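Paired with chain B in one complex and with chain C in the other, chain A is shared by the two complexes that follow.
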Partner chain A sequence: MIFLQQVINGLMLGGLYALVAVSFTFVIGMLNFLNFSIPGIFMLGGILSWAFMVPGGLPWYAAVPLALLAGIAASLLVERFTYRYMRARFGDATEHAIPLVSSMGFLILFQGLVQIQWGAELHSFPSPWQDTSLRIGGLLISIPQVISLALAMALVFGLTVILGRTSLGRSLRAVAESPDTAQLLGIDLPRLIPAVFIVTGLFSALAGVLFALNYLQVSHVMGDEIASFAMAAMVVGGLGNVWGAIAGGLLLGLMEVMTIFFFGAKVIKVAVWGALFLLILVRPQGLFGKPAVGKGKF
Partner chain B sequence: MALKRRDLLAATAAALALPAIRPAGAQAAGELLIGFSHVATGPLQGALITNKVAVELALADVNGAGGINGRKLRLSTFDTAGDPRQAQVAARRFAEDEGALCILGPASSGECRVAFPAGERLGIVQCANSATAPGITDRMKFAFRNTSDELTQFRRLLKVMKAKGMAAGSASIIYATDEFVSKTLGESVFPQAFKEAGIPVTKTVGFPIQAFDISAQVAELVRNPTDIVALGGTIEPAVKVIKELRRQGHKGRIVGSGVMSDPLLPEKVGADGEGTLFPTFFYSGLNERTQAFSARFAEGTRGAGMVRHSPHHTDASAYDILHIYAEAMRRAKVTGEPSRRAAERIAIRDEMQRMESWNYEGVLGRTWFQQDGAARLAAHVIEVSGGKLQLLQSLYEG
Partner chain C sequence: MSGYVAGILAVLAINLLLAYAVFLPAAAGMINLGAAGFMAIGAYVSAYLDVEYGLALPLCLLAGAVVSMVMGCLVAIPLLRTKGVYMVLATLAFGEIVSGALINMEAVGGAAGYPVTTFIDMPVIVAMAVCGLLLVVYLLSTRFGLAMRSIHDDEQATALFGINVRRVKVMAFTIGAGFAGVAGALYGHHYNYIEVANFNLMLSTYTLLYVLIGGTQTAFGPLVGAAIFSLMPEMLRGSEHWRFVIFAVLIIATMALRPEGVVTRHGLARLFGRRKVEG
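Showing the complex of A and B:
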């Protein structure tokens, strides 16, 4: 029974990693851009929901959409001053590390602003429900984590449909293949690229809200720990592959919990990062990635 | 190469200005300088940022009463961010560059481990207001702490539990593995105290302090229910553990240490915290002195725009340390003159070692420093009850 409980714990934890990993991998896959501001937008989703509800006094059904909108706005701000700025000025946005460093700057900026406004303390997040756990035959399942996992899969399914069957999706895939060719074919890049950042902002902020609902705590650094595992999940799943990010997230969550179960918490990082290192040696493109992703765009 | 007139003028001006250049915080004539190794940023700031308010209250008390031996007391502050290396830099800056007579801080045990040896080499007294790891001042001549160590406090907590007839037939331990005091609690303090009290430990699990999900570790504890779960972690991880324990159905009592002593604990854990116990060496409702200090502290923190208005025991400790330094300086008749600085630093230390004879009483009660440099302080055992902190019992000995 305890083993099964730990499997459930691992999958639930993996669901959270997966949602953030999808954000990372989507931007990499479309734009070849490792966007380090994602943990910051994740944090904004959680802490702004809290701020609108607790100091702001709004009901959750108003606070959460406002926080998601703020996450999208923050993501567009990052696009404007990192990605678009570099492309407009140098005609190239990803051949060097400046946008990556700028996005890291945005992460620090978002964290700093939140710390100035609400302090470094952990804030209790009010749950709209009395009990957020489900007990089935001695097994404990966290409802927000189930929702998180289901939502991640539903959103990725929706994204797959959009990319495969709509005009917007075709344009995005064309950009992912070759932005210059896409532009020659008449795709309006300055109008299309923000769509990628809107999706990223929405996914990241939503993951932050679900995290807050599950752990009932928010702070300005809540994105830090999840970011490294989400990036690892992205690499495990394969850069640019959204379903791979889901699989990578679940695998990493399971691996983390099983490491704790069998060996204790002290070896989590050694086990998880060691396994990642071995995987990269054997299969550098990850479980579901293509070797071409990340080469020669923009 | 010919020297230009402009370069010559610049060099002359610089040479003339040299004697006027001194570090910004350096001690000036007619005042006595105390270095304040403060945590205003970083992961520990939630508990320690308000220390400055308490210290400034004490400074206002001393200078408002005419200063020390006709001289004003002045503070020079250095934000260490809780980083041990920065705490060592602060000690060197205060001692070597600014000519401070003594140092208030560093705050935490991790900082003390690095800064105290530096203070020994520099010959300057440092007194910590938050360090509670056992043995942190052992075998040192200039290191003091106005705190009580975690082992002493936890032993007293178990005594109070026994005296009150609380269930304590079995225990398990959960602690943060990568934070100095938490690790000491989980691997040394709790096992030793439980062994001495004859309470068997069923299971011990660790978690990384930054971990947001501790469901796997808590599932291990809940599998073998115990009367007590001892929790080694600072306030933020402690809140996570308490909530997760209750979510997974732990029915027993949760007991903590001084590092999770936080006036806002009931608010942070909500109903999940009901029945939680922890020891602290300051209780704001203890007497008129502590109540008056708490009222002034609340006014000060509101004025400074801070979030928390109830004093933490580290605030009370910092307040008392400044008063203790002032009294030691008064008794040592310090002048602050550079030529006598080294001797006056030693004289302050010697007065502090004789503190038992002062009959000093501060907001932490009647206190003095023992042979090992640690203060003799009470353990006020606090219970979270009805969403408030309630004093169960105070133990001064044992």
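Showing the complex of A and C:
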């Protein structure tokens, strides 16, 4: 029973990782760009929904959409000063490490601004429900985590439908294949690329809100740890593979909970990062073979 | 010299040595996001030999540098299988593995930290940093330095000219790891206390960022970068939170306006106007 509970906990935690991992992997698959500002947008999603609710006094159904919009706006800001700027100036934005470095700058910027505004301490997040857990036959299931997992699956399902069926999706896949060729064939890149960043911003900010609902705490560094696990999940799933990212997120969540259960919390870092390090060296395409989007780029 | 200035100089010198751990791989076209890991190795090896065996300080520092270089070499060889994003993630993972391993080592205090006996004062640290700077200036003037620069600009063309790209890259990474090891050892002996939390991912990230702000074309780029990073908190007394925001704006602006960094080869040549501008 206690083991089953651990499995459930692991999968639920994995749902949170999956949502962030999808954000990372989507930008990499489409644009070959490791976007380090994602933990910052995750943090903005969580802390802004807190800020609108507690100091702002708005109800949750107004605060959360506002926070998500702010996350999307932040993501578009990142796009404006990293990817678009570099592409206009150097032709291929991913030729150098420049966008990656600028996105790290944005992460520090977001964290710094939030720290100035709301301080470095933990803020307790108000729960909209009395009890956020569901009991089924002695097993405890946290509702925000179930929602997060279900949302991650639904959003990724929607994403694959959009990518596979619509004209927008076709353009995006063409860009993932080769931005230059796509532009030659008449795809308006400056109008299309923001779509990628809107999706990323929405996913990351949403993950931040769900994280806040789940742990009932927000702070300016809440994105750091989860982002490193999400990056690990992305590698496990294969870079650019959105379903792989979900599987990787669940696997990582399970691995974290199991490692803590069997060996204690102190070895978790070595276990996760050691496994990741070996995986990058031995099987860089991830556990599930070739990525579904942006294939041939790596 | 007041203790205040001495403190800042020590920080600057340690940051400069750490910067070369990122600079040397970057000059050969690699990104090292695990500098803090190598720094931690150097710090803990040197501190352990000092505390447990009472070894002479120069030997401790040397051992710290050597162990860090051996680790650097061991990591660099498989690392060259990877490129771009994968290399960033692999070096990041390495840094996290080191801190994760150290926190489990009870022999060096685990999470509680580790007190270091012998004290090294500021002048020694600054002297070491100056030696480091001169060493890098010399390295860049050699054939090896030229090979690094050539790999940075075009790896395939360099290989076509008969240069062993793998060897140059492994060496650049290894020597860089040695610099981080010395920086860590000096850090431990100067503050007389080390803990795993000092050598975290944020340190690696900031180091990478200030090296790139400074520029990776000349040995003086990291000096400028380290100076900006070390002196900024002092100039912004009273509003220290703004330090991060200003630093972030600085990195974004540098990348957008001067992607090769503040100090470039071209800029130096123009400033001192002795040689004709090359390349």
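Just a few scattered comments:
Simple rule for what comes next: the second predicted complex is superposed on the first by the 287 of 298 C-alpha atoms of A that agree within 3 Å, B and C clash if a C-alpha of one lies under 4 Å from a C-alpha of the other, contacts with A are read in each partner's own complex, and residues count from 1 in each chain.
Going forward, a contact is a pair of C-beta atoms (placed from the backbone, for glycine too) under 8 Å apart; a residue touches a chain by one contact, two chains touch by 3 or more.
Bear in mind the structure is a predicted one, so any value in this text is a computation, not a measurement.
Residue contacts after overlaying the shared chain place A:266 against chain B and chain C alike. Once the two complexes are overlaid on the shared chain, A:34 sits against chain C while remaining clear of chain B.
Within the superposed three-chain model, A:6 lies in touch with chain B and out of touch with chain C [touch as defined at top].
Legend: residue contacts after superposition of the two complexes on their common chain; A:227 is shown touching neither chain B nor chain C.
By the touch criterion stated above, A:247 is placed in contact with neither chain B nor chain C.
By the document's definition of touching, of the two partners only chain C reaches A:235; chain B does not. Set side by side, chain B and chain C differ in how many residues of chain A they touch, and the one touching more is C. By the touch criterion defined above, A:18 lies against neither chain B nor chain C after alignment on the C-alpha atoms of chain A. With the contact threshold set out at the top, residues 224, 266, 268-269 of chain A are in contact with chain B in one structure and with chain C in the other. Interface residues of chain A, counted against chain B in their complex, comprise 2, 5-6, 9-10, 12-13, 16, 119-122, 124, 132-133, 140, 142, 211, 215-217, 219, 222, 224-226, 256-257, 260-261, 264-266, 268-269. Listing the residues of chain C that touch chain A in their complex gives 31, 78-79, 81-86, 88-90, 92-94, 96-97, 99-101, 103-104, 110-111, 201, 205, 208-209, 212, 241-245, 247-252, 255-256, 259. Every residue of chain B that touches chain A in the complex is listed here, in rising order: 41, 43, 45-46, 49, 177, 205-208, 210-213, 215-217, 219-220, 223, 235-236, 239-240, 243, 247-249, 267-270, 307-308.
Residues of chain A touching chain C in their complex: 28, 32, 34, 81-82, 85-86, 90, 94, 96-98, 100-102, 104-109, 111-113, 115-116, 224, 228, 231-232, 235, 239, 266-270, 273-274, 276-277, 280-281, 284, 298.
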